[in-house]
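Heads up, the next two complexes both have chain A, just with different partners, chain B and then chain C.
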Partner chain A sequence: MAPRLLSYSNIDSPVHRLSGVTKLLAFLLFSIAGMISYDTRCLLAMLILSLVVFYVSKVPFKQYSFVLYLILIFAAINQLAIFLFAPEQGVQIYGTRHELLHVFGRYSITSEQLFYQFNILLKFAVIVPPALLFLLATEPSEFASSLNRIGVSYKIAYAISITMRYIPDVQQEYVNISIAAQARGLDMSRKEKLGRRLKNMAGILLPLVLATLERIEKVSAALELRGFGRKRKRTWYKSRPLTKTDGFVIAGAVLIAVAVLVITFWDGARFYNPFV
Partner chain B sequence: MRKPMIEFDQFTFQYRAQSEPTLRDIQLTIYEGEKVLIVGPSGSGKSTLAHCMNGLAPHFYPGECSGVLKIGGVDSKKMGIAELSDLIGTVMQDPDGQFVGLTVAEDIAFKLENEGIVQAEMIRRVQEAAEEVEFADFLAASPQELSGGQKQKTTLAGGLVGGAPILLFDEPLASLDPYSGRATVELIDRLHQNSARTIVIIEHRLEEMLHRAVDRIIVVDEGRIIADLPPDELIASGLLREKGIREPLHLSAIRYAGGSLSQEMNLQYVERMNLEPYRDSLIQWSETPMIESPISTSKPLLELENITFGYDSTHPVLQEISFQVSQGEVLCIAGRNGAGKSTISRLICGFHKPSSGSITLNGRDLSGDSIRERADVIGFVMQNPNHMLSKPLLYDEVASGLVHRGVPENEIRERVHETLRVCGLYPFRSWPIAALSYGQKKRATIASILVLRPEILILDEPTAGQDYRHYHEMMTFLMELNAQGMTLIMITHDMHLMLEYGQRTIVLSEGRKIADDTPARILGDAAIVEQAHLHETSLHILARRLGIEPEEKIVSQFIQSDRRRVN
Partner chain C sequence: MQSKSFSVKTVVAIGIGAALFVVLARFGSIPSPIPNTNIQTNYAILALFAVLYGPLAGLLIGLIGHTVTDLISYGNPWFSWIIASGVFGLIVGLLARKLRIQKGQYSLIRIQDGEFGLKGIVLFNIIQIIANVLSWLVVAPVLDILIYAEPANKVFTQGVLATGANIATVAVLGTLIAIAYSKTRTKQGSLTREE
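Moving on, here comes the complex of A and B:
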C-alpha cells in the first residue's frame, strides 16, 4: 500500500501534543508575518526556527516528500517567471544597480535582482514548513474543532474534516477502478504515449466521480440522521483545553510576529536594503 | 395496553421523481419493546418504509405522503430528521458510508456533539454505549483499521448513544460475511433482551435473521404489506417462496422430502424444531440415488504453483499457494476479509507480480504477459458494477475493450451484438447505461469482459447485495455460460452460492490455503468454517440430528432437488 500523502500520523512529539487551535494560530501568525516581511534578517531567523520545529516534530520525510517536490518545482517556475517578467524589479526596489552579467536585450543579472529573488525564495521556505506541519501534525478531527474555535462555522469545518476522512477511501476506489479499466485493455503504464495515456486516465474519471457522488449522498444522509446541523453550536468530543505550553506557544508566536513586523517597518519600508 | 411506537395509518408515499407511489395504504403498528422483521424483494418498498420512519423520506429524498405516520405518538409531519433521530436511532446498510468520525469514539459521539452535550458527559455516554455493543476496547481505532463487522458495531453504538427508544436497522447484514452477520444478529438480540427498546429490522436475508427470535415478520411486496405474522406461521404458509424470499434451507429440504410444514413444529430453529414427523421421509429422501454429474477430468487450464506475495517483504499476504483450475470448472475462493482472496485474483490478472512461484495457463508461464495481454484470456469482473462502467451508452461500454485493441469496426459490431444476445441485453443495446437496473448493469460489466472472449472469468462477489430472485437470475446466467464451456472462479463468502453452484471451494486463511474440497464437505468442517468466517448451514445440522452420514449426502440431495425445481 502506498504511504498516504499528507495524512496525520500519530507520533508523540511536543508539536503533536499542542492543541490544534495553538497550531492553527501559530501557523497563521507565522505565515502572515512571513508574507508581509521582506526583511532578510527576520526571514532567515524565522526559517531557522521553523526548521527546528519541523525537526522536533519527528514527521518522517516520506509523508511530505511528494508535496515538497511539487512546491520546489512551483518555486522554481515562480523564480523564472519573476525574472522574465520583471528583470529590473530588484533595482526598482533597492534604488541602486550593480550589474553582474548582461544576458541579452533588457535582461541582465544584477545583485539587486538576485537579492530580491533570494528573498522571495526565503519567503516560500518560511511559509511552507509550518503549513505542512500544521497538516501533518494535527489530528484531522482536531483540525475541524480548531477551525470552529477560531470562528469558522462548524458546518464548513466539518465538511473539511470529513473530506479528509474519505481521502484514503477515494484513493482506494481509484486504484480499484483503474485496475478494472486496465483489465479491459486501457493502458495507463508508461508504455503508452502521453496523449493516449491521459485520455485513458480520463476514461476512469467518470466511474470515480459517480462513485464519489454516491458516497457523498450516503454520508450526508448519515450526517442528517444523527442530528447534524440541528443547532447553531455543537461541542467536540476531541476538543482539548489549552495547556500552559499552548499559552506559551501562542504568546511566543504573537511576539515573534509583532517583532518581525516592527523590525520590518522600522525604517519605513518592507524591504531590508543592504545596498545603501 | 402496550404503547404504540410506530403507527402507519392509510399511509402512502410517492417519491418526487416517480410516477407512482412506492408505498400504498400502509397499515402497520409496532409496539413498544417489540422486535419486528420487515422482509421483501428488492424494489418492494421496504427501504422506503424505513426511510419514512427515520425521516429521510420526505426530508432527504423528496416526495409526497398522505395518511398518518406517528412516531412515539407524535405526528411525523411535525418533526424533521433531527427531531426524529431522538426517537429512532438508524443503522444503515453500508457501515463504511456512514462512518463520519475519524475514530470510533468520535463516530459514536457524533449525535451528542450535534446536541451540544458537554465533553465530560459525552465521554461517559460514549463509553457506556461502546460497552453495550461490546466494543469499548476499540474507542481510539480509526475506520481504516476496522473490519465491516467492527464498523457496524461502531454505528450501532452511535445509534444507541442518543438514547432513542427505537432502533431501526436497514439491511444490517448486507455487507457482512456470514460469521459477522451471525454475530450481529446475536448482538441485536442481546440489545433487545437487555432493554425495553423497540427494534425494527429491514432485511431480505431471512434465514440469518431467524437465528434469533423475532416477534413478527412483515412482508412487503409492490409497496403493500401482504403479511404480518409470527415467524412460524409465516414460514409454514409458503408465502415467502412465492415472493422470491429464500426460506431457511432446512425447511426447503423438508419440503423437497415431501413433508408439509405446520407452524406447531417450532420451524425456525433447526436445532430445536420437532423433526419426528419428517424423520423417515427425510432419511429416505437422502438415500434417493443421485444423478451423477460428470466430474470434469479435463486437463488443468490455470495452474498456480507456490505463489508467495507481499506488498512489502516482511508481511506476506499470500504464502505458498498452489492450486489448479480445470477447463469448465466452477471454483469458489472463500475466506474472511484480509485472507488474501482479492490479492489472488489480482495476481492472476497481473496487477501485481508474485514474489515467488509461477502462474501458468494451458501450460504456458504468464509471468511475461502484461495486464492487457492477460485480459485477452482472463476476464475480471468487479463486485461493484459502477466501478467498471465508464461509457454513457451500453453498446460503447461493451465495445470499449475491442476498440482499445484496434479491432475493425464491423467485427466489433458483430461481436458486441453477439455478446449482448448471450447476456440477454440485446434489446437494450442503444440504451444509456444509467437507465439499466442494478442487475442489468452487473450483466453489462460481464458482457464488456465476455466480448474479449476470455477462457476464464473471475468474479468478485457476483451476487452481493442482490435479493434471491436477482441472485437466482445472475447465477442461472453464469451457469449457462459455464455450460457453454466457460471456466468460472468466484470470490465469495455467500455460502448459498458456494453450496448451490460451486463445484469446488478453496479456503484461504491468513494468506495460506487451508482447504480445497467440495463446498458441502468444507461447510461441514467446523474448524475450517470458523477460520473462513463462515458458519454451519442448517442442512448440516439437520443431517446431524437425523444421524445421516456423511452429512454432505443431504446437501447434495438438496442441491439436486433445488436445481430440478428451478429448471
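Moving on, here comes the complex of A and C:
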C-alpha cells in the first residue's frame, strides 16, 4: 500500500563520486538560474546539459520512472489550466499576435501562447534532472554535512538529517495505527462519507501526534545528554574533502549560472522574444 | 550564542515534525468533493506544532517538510508553494506567541498546560485563518507570478481553493487534535492540598 518514494542507491559513477557539497551547490545554482531566467536558449542549453549529466550518473531508469509519470501528469494539468485561464497571456508578454487557429469564444491558439507555454514547460523540466540527481546520488548522511559546509547553521542541518532519519519510522507508526484502527472498524476508504472519514482521520492522527511528541521528548533528552548544541561547531559522520573535480564542477556551475543571468538580462527583458 | 528559542528540543521538534509533515502529506490527504483540491491533514499538524514549539519551528517544519515531500515524491520542488508553507508555520507561531506575551504568561493559548477552552479555540482559529489567507492567497500566487510568470487569474483561483481547503482542515482537524492533546496534559495548579 505504500507509495514508492525516491531514495539513494549506491552506484559507482563520476556523479556519485562527487562530494555532497558539490551536488547541493550545483542543484541550488541550477534551480535559481532556472527560476529567474525566461530565456528559451538558456533553458534549453541547461536542460540538455543536465540530461547529459543524468546519463553519466548511470542511475537505472526504473528507480525514478514512476516519478516521471507523476511529473508528466502534473505538467499536463498545469499547461491545460494555464490555457483555460489565460489564452492570451503569451500575446500580452511578447506584444505581438500571430493567430494560428480559432477554437471558440475567446479561445484561439496563437504562436505566442504556444511559445509561452513551451517556456513554462521548459522551466519546469530544467529543475527535474538536477533535483532527482541530487536526491538519487547523494548519501543521506552527507546531506547534513553538505548543508553545514555551505553555511547553514549546523542545528538546522542536523534537523534536516533528523527528518530524513525519522521518515521511515513515522511512516511505520502511521501504518500501524491506521491498520489497528481499521481492524476496529474505522473505515478510511472512499466508501465512507466525507465527514465520517475526517472524524476517522482524527482518530488516527491523535495517537500519531501523541507518539510523535513523546518521541521528540525522548530524542531531545538523548541529544541533550550527549551535549548537543554546546559548541559552535561539530563534526559529521560523513563528510568528504573536496577534490579537484569538485572544484571544477562548482566553478562550472557558478559560471553557467552567471552566464545564464547575463544572457537573460542582456537586452533588459526577462523574456527571450523571437517575434520582434 | 545559545538563544533560548533554538534549544535542542526545537531542533528535534523541527526534524521529527517535518518527518510527520512528509508522512501525512504522502498518506494522510483525503480527496474533497471539489476536484483537484485535497484535504491536507499535514497543515493541521503544522499549525499545532507552530503553536507548541514557536515561529522558528513552524517556519522550518513548513520549509523542510514541503521541500522533502516534493523531492521524494515528484523530484521537482515547487518553490513558491514551499515558501508559502514556511510562511504559514511562521505566522501561526508568531501570532500564538504574541498573544501569550500580551496577556501575561501563557494565558490564552495554553494547549500544553491542559487548558484549551472556548476562548483558546476561537483565537487558534482566528490565527490560522489569518495565516492561511496570507500564505495561500498572497504569498503563493504572488511568487507563482514572480518566479514562473503564470497567469494571475489561474494562480489566484488556485490560491482561493487552497485557502478554503486549508482553513477548513485546520479548523476541524487542528482544533479536534489540539483539544484532545490538551486533555492529556496536567493542568497547572490542578493539585489541591488535603486538609
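In the analysis below, the second predicted complex is superposed on the first by the 227 of 276 C-alpha atoms of A that agree within 3 Å, B and C clash if a C-alpha of one lies under 4 Å from a C-alpha of the other, contacts with A are read in each partner's own complex, and residues count from 1 in each chain.
To be clear about the criterion, contacts are C-beta pairs under 8 Å (C-beta built on N, C-alpha and C of every residue); 3 or more make two chains touch, one makes a residue touch a chain.
All of these numbers come straight from a predicted model, not from anything done at the bench.
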Chain B or chain C: which reaches more residues on chain A?
C
Determine, under the contact definition given at the top, whether A:224 touches first (chain B), second (chain C), both, or neither.
both
So in the superposed three-chain picture, is A:234 touching just chain B, just chain C, both, or none of them (first/second/both/neither)?
first
Partner chain(s) touched by A:161 [first = chain B, second = chain C, both, neither]
both
Using the superposition on chain A described above, determine whether A:214 touches chain B (first), chain C (second), both, or neither.
first
Which holds for A:48: it touches chain B only (first), chain C only (second), both, or neither?
neither
For A:93, is the partner it touches chain B (first), chain C (second), both, or none of the two (neither)?
second
Have a look at where A:177 lands relative to chain B and chain C in the superposition and call it first, second, both or neither.
first
After lining up the shared chain so the two structures overlap, which partner does A:198 touch, if you call chain B first and chain C second: first, second, both or neither?
second
Can A:81 be said to touch chain B (first), chain C (second), both, or neither?
second
Both chain B and chain C contact which residues of chain A?
161-162, 164-165, 169, 204, 206, 210, 215, 219-220, 223-224, 228-229
Across the complex, what residues on chain A touch chain B?
1, 139-141, 161-162, 164-165, 168-169, 173, 176-177, 179-187, 189, 191, 203-204, 206-207, 210-211, 214-215, 218-231, 233-239
Looking at the complex, which residues from chain C come into contact with chain A?
1-2, 6-9, 11-20, 22-24, 26-28, 30-33, 36, 39, 41, 44-45, 48, 52, 60, 64-65, 68, 71-77, 79, 147-154, 157, 172-173, 176-177, 180-181, 184
Please give the residue numbers of chain A that touch chain C in the complex, ascending.
3, 5-7, 31, 35-36, 38, 64, 67, 70-71, 74, 77, 81-82, 84-86, 89, 93, 120, 123-124, 127-128, 131-132, 134-135, 155-156, 158-167, 169-171, 174-175, 178, 190, 194, 197-198, 201-202, 204-206, 208-210, 212-213, 215-217, 219-220, 223-224, 228-229, 232, 270-271
Given the complex with chain A, which residues does chain B contribute to the contact?
54-56, 59-60, 80-82, 85-86, 90, 92, 94, 96-103, 105-106, 109-119, 122-123, 126, 143-144, 158, 162, 311, 346, 349, 351, 370-372, 374-375, 379-380, 382, 384, 386-391, 400-401, 404-405, 448-449, 452
